[in-house]
Each structure stands twice: as structure tokens, then as C-alpha cells.
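So, here's a batch of structures to check.
Both complexes shown next keep chain A, but they swap its partner, so chain B is in the first and chain C is in the second.
Showing the complex of A and B:
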């Protein structure tokens, strides 16, 4: 029972980590809370539905969702955030929230208010022992998440692009003074973050077999809790926090029962942790 | 008759939003501390007042100050916790406070769970039961009082000290100000006003449910403050009037309401980020206009 719940928690946590990663990347360089990121996540899920239903190819669905969402992310940066870069943080935050409201309503108008199904089947075999049972799709989620994270880790630690990203995250102006085209770096963050969110969107849609206009509302704010828990702008911290949250949510269901709705647990954990360590799990003191 | 009662309802709700926005303005506008969980304190005030009248049998006049006090105490406790972190961290923590408070209302039978609390009495005055139109007069009087209080606050030593914290925390500390204490004072003042608004709301609607105080309401209040002009006396009033009436005025585009609302927010922030009455606006007060001109001159001079 507990082993099964831990396995479920890891699956859920991988999804949280994927959604929150885009936020972390953007926050790392721009110090902007990109709430509309969840709108990109939903866009990914819808593109997934539109491509998967006629073609039946999950790979094609994921790739096209990633491409469309990368573009959407770039457009958001160029037209929503870049004009207000020097402004106090509340300005981009409100823009982001406004854009998110706009997107949710747009999806409702274009795609209809009802739940669309995304009946993903996957040929990979499941995994089953006496204590734990994972479907092929659950294994695929964890494997894909791990693959994406490793890829991202290599990109940030092993390439010149990653070096430029880390320099920009430390100090945007100084990085620019050293000849780094920070505008490109920021653009790359939006592209990579949005593409990962798109993958997460398709996977979540397939996991619950439902895609609907407001499916981003809860992830939007839960992802914020995850990036704070992980210590704002720290990629490994985000992954650990995402997994920890997934585990915390499933395990409290087992041990405490439904004490509070699952969506409040994220924030309860967050508030408790801020009491102990105000800079997040892996955060630096500011 | 029906339409005038409808108007009374819209005006009363606008007034309640003015109190909420002015309270948030003290926290976010003057003290510069983002609070995206203001609706939680609105809810605490409403639930406190509702429980005190329906379960403890108190009158409205006794419940109102007690509700404010209870909200202030909770605001103090949560403020002490939340204000340990700054800026974006604080914004997210307050979102969390909102989610947790709403789920407490949702999950304990004491708070009526998803069904909410009903049968909240309207206040009586000299033996008369106040109906909606008379209640509006009471609410208008409270709004006048709140605005007077905010005016006094913005001119007071305390108001100036709090503004100093917003402008530059380190400089304020160097001047010997107790920054943490000032932030907490501003937080408690703002949340008490939210408690006041909550109590007024509960006895106006006579029925409350957890969703009346959910996170989107916090967003609306924040948008009112920012739209009108954070840190100005009248900005939140303008913002509350515009945004509380906008859904009513935009009713003819029913289906596209949130679409329009969202894009309005985006456009406003892109082109007039300091708000309608904020710095750089044609509608700004004289002092802000002069300040903007002076700042322009300094920038030009190099």
C-alpha cells in the first residue's frame, strides 16, 4: 500500500517538476513570476488532442505541442514581458495573470467548455509486483521526466549556452557587459520552458484522459509553490520540491486521510517550510 | 423597483470593494508588500461576523468590531509568518494563505463546509430592521470613515515611515526605523479593513460560502489597487468603481467577459503601469505630476 502510494507520488511529482521547470528557468533570469506558463501547459494539452486523435501518434502529438508552445512562449516574452522589464515585479505579475485569464477564456471559446478526452495508449509493458503496480504509461511519464531533466542538466552544465544562462541568472547586466546576448538567452529560456510545459500538458491530459479549459488553474499556483519550495531559480531544487510535493500529497492521503483538500497541502507545506528556512530547500540567502 | 434594488446591490458591493482595495493599498501601495491573499482576510471577517451573530447570538453592532479584532489577530499571526520573506516569495506565500484559509472553511463542519453559512441577520437600528437600501446608507458612512482614516494615515508620521520602507528598506533601516514592525503594522491595518469589509458583506448577503473568498477575489482586489494607482489615496477607489462596475457594464458581451477583462489588465499594465491615478498619468494628483516632471528633468540633466 505505502510502496504503491510512493510510486504514485513519484509519478505525480514528476509531472509537477516538469510544469514548474519552465517557471524556474524564466524566474532564474528575469525574476518574473510567469503565471501564464500554465496557459502554455493547457495549450500543449489541446495541441496534443488535436494531433493525437487523427494521427494516433503520441510522439507526433508531443513534438507538435512542443513546437507550438515554444512559439507561444516566445511571443509572450516578446510582447508581454519585454516591454516592462525594468518595472516593479507587480507589473509583470499582473500582466501574467491577465494573460492567463485571457487564455483560459480563449480556450473555452475556441475548444468549447466540455472535457475532451485524450485516450493515450502506449505499447510499453507495465510493471507489477506484489507490493506495487505501475502502468506502462506511468513508467513512460517517469522515464520522460527523467530524460528531459538529464537533458536539461547537460544543457546547463555542459554547454556554452548553459554557461551563458548561468551567468545571466547571476547578473543580467554584467552578463550583457561580457558580450552575452541576454535577449537570446531569455528567449531560449521561454522556448525550453514552454516546450517542457507542452510535454507535461500532453502527458497530464493523457494520464487523466481529460483536457479542459481550466485544467491549468491549479497547476498555475501549485507550480509557484513548487518553485518557492525549491528556492526560486534553482533547477535541482525545483525537481526535488516537485517530487517532495507529489509524495507529500499522496502520503498524507494514506496517513492523515482527507484532512484538507489536496490542493491546499502544497501551500501548507510551503508555509511550514518558510517558518524553518525562508530561502527554500536549495535557495541561497539573498 | 427591481432595477433600483439591483442598483443598490451593485453600489453596496462597489463600496465593499472600495474598503477592501483601500486596505490592500495600505499593505501593497504604501508599505510595498505584495499581498495576493487579501480575500482570505475578507473571508475571516465575514465568517467571524456570521458565526458571532448566528451561533453566539450577538447583535451586528457587537459582532462587527469583534470580527475586525479577530481578523486583525489572524492577520498579525499570518503577517509575522509571511513577512519573514520578501517580494515574490511573499506574493506566493500570501497566495498560499488564501488557499489554506478557503480550504479550512471548506473542510470543517463548524464553518458550514461547501454549503456555507446562511441565515445571517441584517442589523437592527433603534428597533428597525435595516433593509438593503438603508444598509447601503450605513455602508456609505463606513466608506467615508475608512477614506478619512486612509487620508489621516497617508499624512501621518506612521504613513510616512511605512512609505519609507517601501521606497528603500535599507535606507529606512539606516534612519533607525523598525522595518519589520512597520511592515507588520501596515499588514494588520490592511487586514483589519478587510475584516470590516467581510462583516459588512456577510450581513448584506445574509449568506456566505467559501468560494466568495477564493483566490480570484484576491486577484480582483489587487487589480483594483494597481489599476487605480497603488500608493495613492483615491486610486483604489477609482479602481474599485471601474472594476466592480465593469462586469455589469460588460454584461452585453457576456460570453467574452473574462477575455476582455484579461486583455484590459494586460493593456493597462503595458501602457500605464503605475495605474490610472499613478505617476505619469494625466489624471494623477498635483504632487505626483510635479514629482514626475522633476524626475524627468533630473533624467534629462543626466
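Showing the complex of A and C:
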């Protein structure tokens, strides 16, 4: 039972980490809370439905979702955030919340208010022992998440772009003054963050076999909890916090039972964290 | 090389710099001195493109650069050593220097300049793999200078390079600026330490409350009773 819940927690935590990464990347360079990011996640799920149902190809669904969402992320940066750079942080925050609500209603108008199913089947074999059972799809989620995270890690640590990116996240202005086109770096953050959210959207839609307009609300606030837990702007912190939250949620089911609503746990953990270490797991006081 | 004409800059609703005109000729070391809050840093940041002027023009190598983004100006040879060093705290010393040379494509030239920077500050070679924030204040300032050097500046903007340093280090960083000047780099030096600045500068301007109040050769300014009284400690 416990081993099974740990396995479930890792699957759930991988998804949380993927959704929250986009927030972390954007917060890292712009110090903006990109709440509308959860709207991008839902867009990814819908593109997944629109592509998967006629073609039956999960790979095609994921790639299309990533491409469409990258563009959407870039457009949001260009037309929502860039015009208000340098304004007090409340301005982009309110814009972002407004954009998120707009997107939810847009999906409701265009795709209808009802749940669409995304009946993904995958040929990969599952994994089963006496203590734990993982479906092929669950294994696929964990493997895809691990692959994406490793790729991102390589990009940040092993490439020239990654060096410019880390410098920009530490001091955007000084990076710009040293010949780094920070506008491009910020755009890259939106593209990569949105593409990863799109992948997560398709995978979550397939995991629960449902896609609906407001499916971004819960991930939106959980992602906020995850990035605060991880230490605002820290990529490894986000991954650890995402996994920790997934595990906390499934394990409390074992030990505390359903007495506590699962979605409340993110915020209990968040409150505890803020009391103990306000800068988050891997955050540093600036 | 740098011609600023009638420059006015606002910070929020208050005027930080008002109607300033000054020039820095090719190969010159020109200093801008004045009290804390006089607007010196604002002028430098505006030249770099980090701040938008309300009015006036900034010409670099005869070209109006007012509309250009900071990284474009940097690639044209305008390089800044910012106030407070502003090294990248989570990057290593070597990575900080790589950022300095980021826009350059001549690998051999970069390698040579890196050697030059290490020769100037041998401690940086020893600490090449160390994370920036773990350096001492003096070492961070050396890193900020080295980072500018490997960008191979044509016009070097130096902002309060001696602030918060022990006297012995103040001498060392000023010597570094002098060395760069002797090698032909044009330098625009903003400094609260007017005595030191006027020792190494060719010419100087005095800024007070956002306006230029005096200008002249460094020798003239050093001899000026007004400057002596207000900026050189009598």
C-alpha cells in the first residue's frame, strides 16, 4: 500500500513539477508570477484532444500541443507582459490573472463546457509486483518528465544559451549590458516553459481521461505553492518541491485517510514552509 | 567618441539629470565627479541604454544611439563596470568572464584577453572555479573589471569603482583603470572619490543636483577653490 502510494506520488509529482517549471523559468528572469501559465497547460490538453482523436498518435498530439503552446506563450509575453515591464509587480500579476480567466471562458465558448475524453492508450508494458503496480502510461509519464528535466538541465548547464540564461536570471540588467539579448532569453523561457506545460497538459488529460475548461485552476494554485516551496526561480527546487508535494498528497491518503481534502495539502505544506524557511527549499535571501 | 547633448532624465516624476552636455574624446579619460545623488550614475546608465532619456541626444562614434537596446550598444564597444560590481553571484569566476566576452566571436582574441585579465588580477585565475558570491568585495570588484576587459571595450563606463573598498584596494583598481587608459581605451569615470579620479583623469566635469556646474582639465579642477572646498576636503 505504502509503496504503491509512493509510486503514485512520483507520477503525480512529476506532473506538478512539469507544470510549475514554466512559472519558475518566467519568474526567474522577469520576477513575474505568470498565473496564465495554467491556461497554457489547458490549451495543451485541448490541442491534444483535437489531434489525438482523429490521428490516434500520442506523439503527434504532444508535439502539436508543444508547438501551439510555445507560440501562445510567446504571444502572451509580447503583448501582455512586455508592454508593462518595469511597472510595479502588481500590474503584470493582475494582467496575468485576467488572462487566465479569459482563457478559461474562451475554452468554454469554443470547446463547450463539458468534459472531453482523451482516451490515450499506450503500447508500453506496465510494471507489476506484489507491492506495486504501475501502468505503462504511468511509466511513460515519469520517463517523459525525467527526459524533459534532463534535457532542460543540459540546456542550462552545458550550452552557451544556458550560460546567458542563468546570467539573465541572476541579473537581467547587467546581462543586457554585457551583450546578451535578454529579450530573446525571456522569449526562450516562455517558449520552453509553455512547451513543457503543453506536454503536461496532454499527459494529465490522458491520465484522467478528461479535458475541461477549468482543469487549469487546481494546477494554477498548486504550481504557485510548488514554486514558493522550491524557492522562487530555482529549477532544481521546483522539481524537488513538485515531487515532494505529489508524495505528500498520496502519503497523507495512507496515513491520515481522506479526512483531509487532498487539494488542501499543498497549502498546508506551503504554510509550514513559510513559517520554517520563507525562502523555500533551495531559495536564497536576496 | 561620446557626445551628450542637453540630456534630461527623469526617475519617476523627479528630475535626476537636467540639461547636461558633455563630451569624451577618443582615448581620453574623463571623469564626472559630484556628491552622492547628484545624478552621475543616471547619466552612465542612460549612456549604456539601461535608462531612457526624457530629452537630449547621446552620440557614440558619431551615431545617435538613443533608441538602441543595451546589448546592441555593448556589441558596439560600450562596456560598463556597474556600481556595486553586479557580478553574477551564482556563476563561477570563469563563467562571469565568459559573459563578459559573450558577444565576441573571435575565439583567439577572447583567449588572449582572458590571459590579460588573469595577468592583471592573478587571484582570479586561482579562483576561476569559485562561485562569484563567495569572493571578497575587492575580488568581486576585480572580477567586474576583468569582465569588462574581456569584452574589449572601446568606451568603458566606470561607475563608483572605489566604493566600499579598503584604501589599498582603491589604489589597485585605479591602477587597473589607468592601465586600460594607457592601452588606448576611452574611459568615462564616475566617482565620488574626486581626489583619486582627478589624479588619473585628463579632464573632468562636476555635477551637482543633476546639473553640470564646472568643467575643465583635471589640473584646473584640482586647483579650483570651489572643488577643493566641496569635493577634495579643503
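Simple rule for what comes next: the second predicted complex is superposed on the first by the 286 of 286 C-alpha atoms of A that agree within 3 Å, B and C clash if a C-alpha of one lies under 4 Å from a C-alpha of the other, contacts with A are read in each partner's own complex, and residues count from 1 in each chain.
One rule holds in what follows: contacts are C-beta pairs under 8 Å (C-beta built on N, C-alpha and C of every residue); 3 or more make two chains touch, one makes a residue touch a chain.
Nothing here was measured: the structure is a model prediction, and the numbers come from that model.
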Partner, of chain C and chain B, that touches more residues belonging to chain A: B
Contacts of A:232 with chain B and chain C, given as first, second, both or neither: first
Partner chain in contact with A:275 - chain B first, chain C second, else both or neither: first
Which of chain B and chain C A:87 touches, first, second, both or neither: first
Partner chain in contact with A:106 - chain B first, chain C second, else both or neither: first
Partner chain(s) touched by A:182 [first = chain B, second = chain C, both, neither]: second
Touching partner for A:98 - first (chain B), second (chain C), both, neither: first
Chain C - residues contacting chain A, complex: 48-50, 69-71, 74-75, 79-80, 82, 86, 88-91, 95, 98-100, 102-104, 147, 151
Footprint of chain C on chain A - complex, ascending: 160, 163-164, 166-167, 170-171, 173-183
Residues of chain B that touch chain A when the two form their complex: 28, 34, 81-82, 84-89, 91-93, 95-97, 99-100, 102-104, 106-107, 215, 219, 222-223, 226, 230, 255-259, 261-266, 269-270, 273
Of chain A, residues touching chain B in the complex: 27, 31, 33, 80, 83-84, 87, 89-95, 97-106, 109, 221, 224-225, 228, 232, 258-261, 263-264, 266-268, 270-271, 274-275, 278, 286
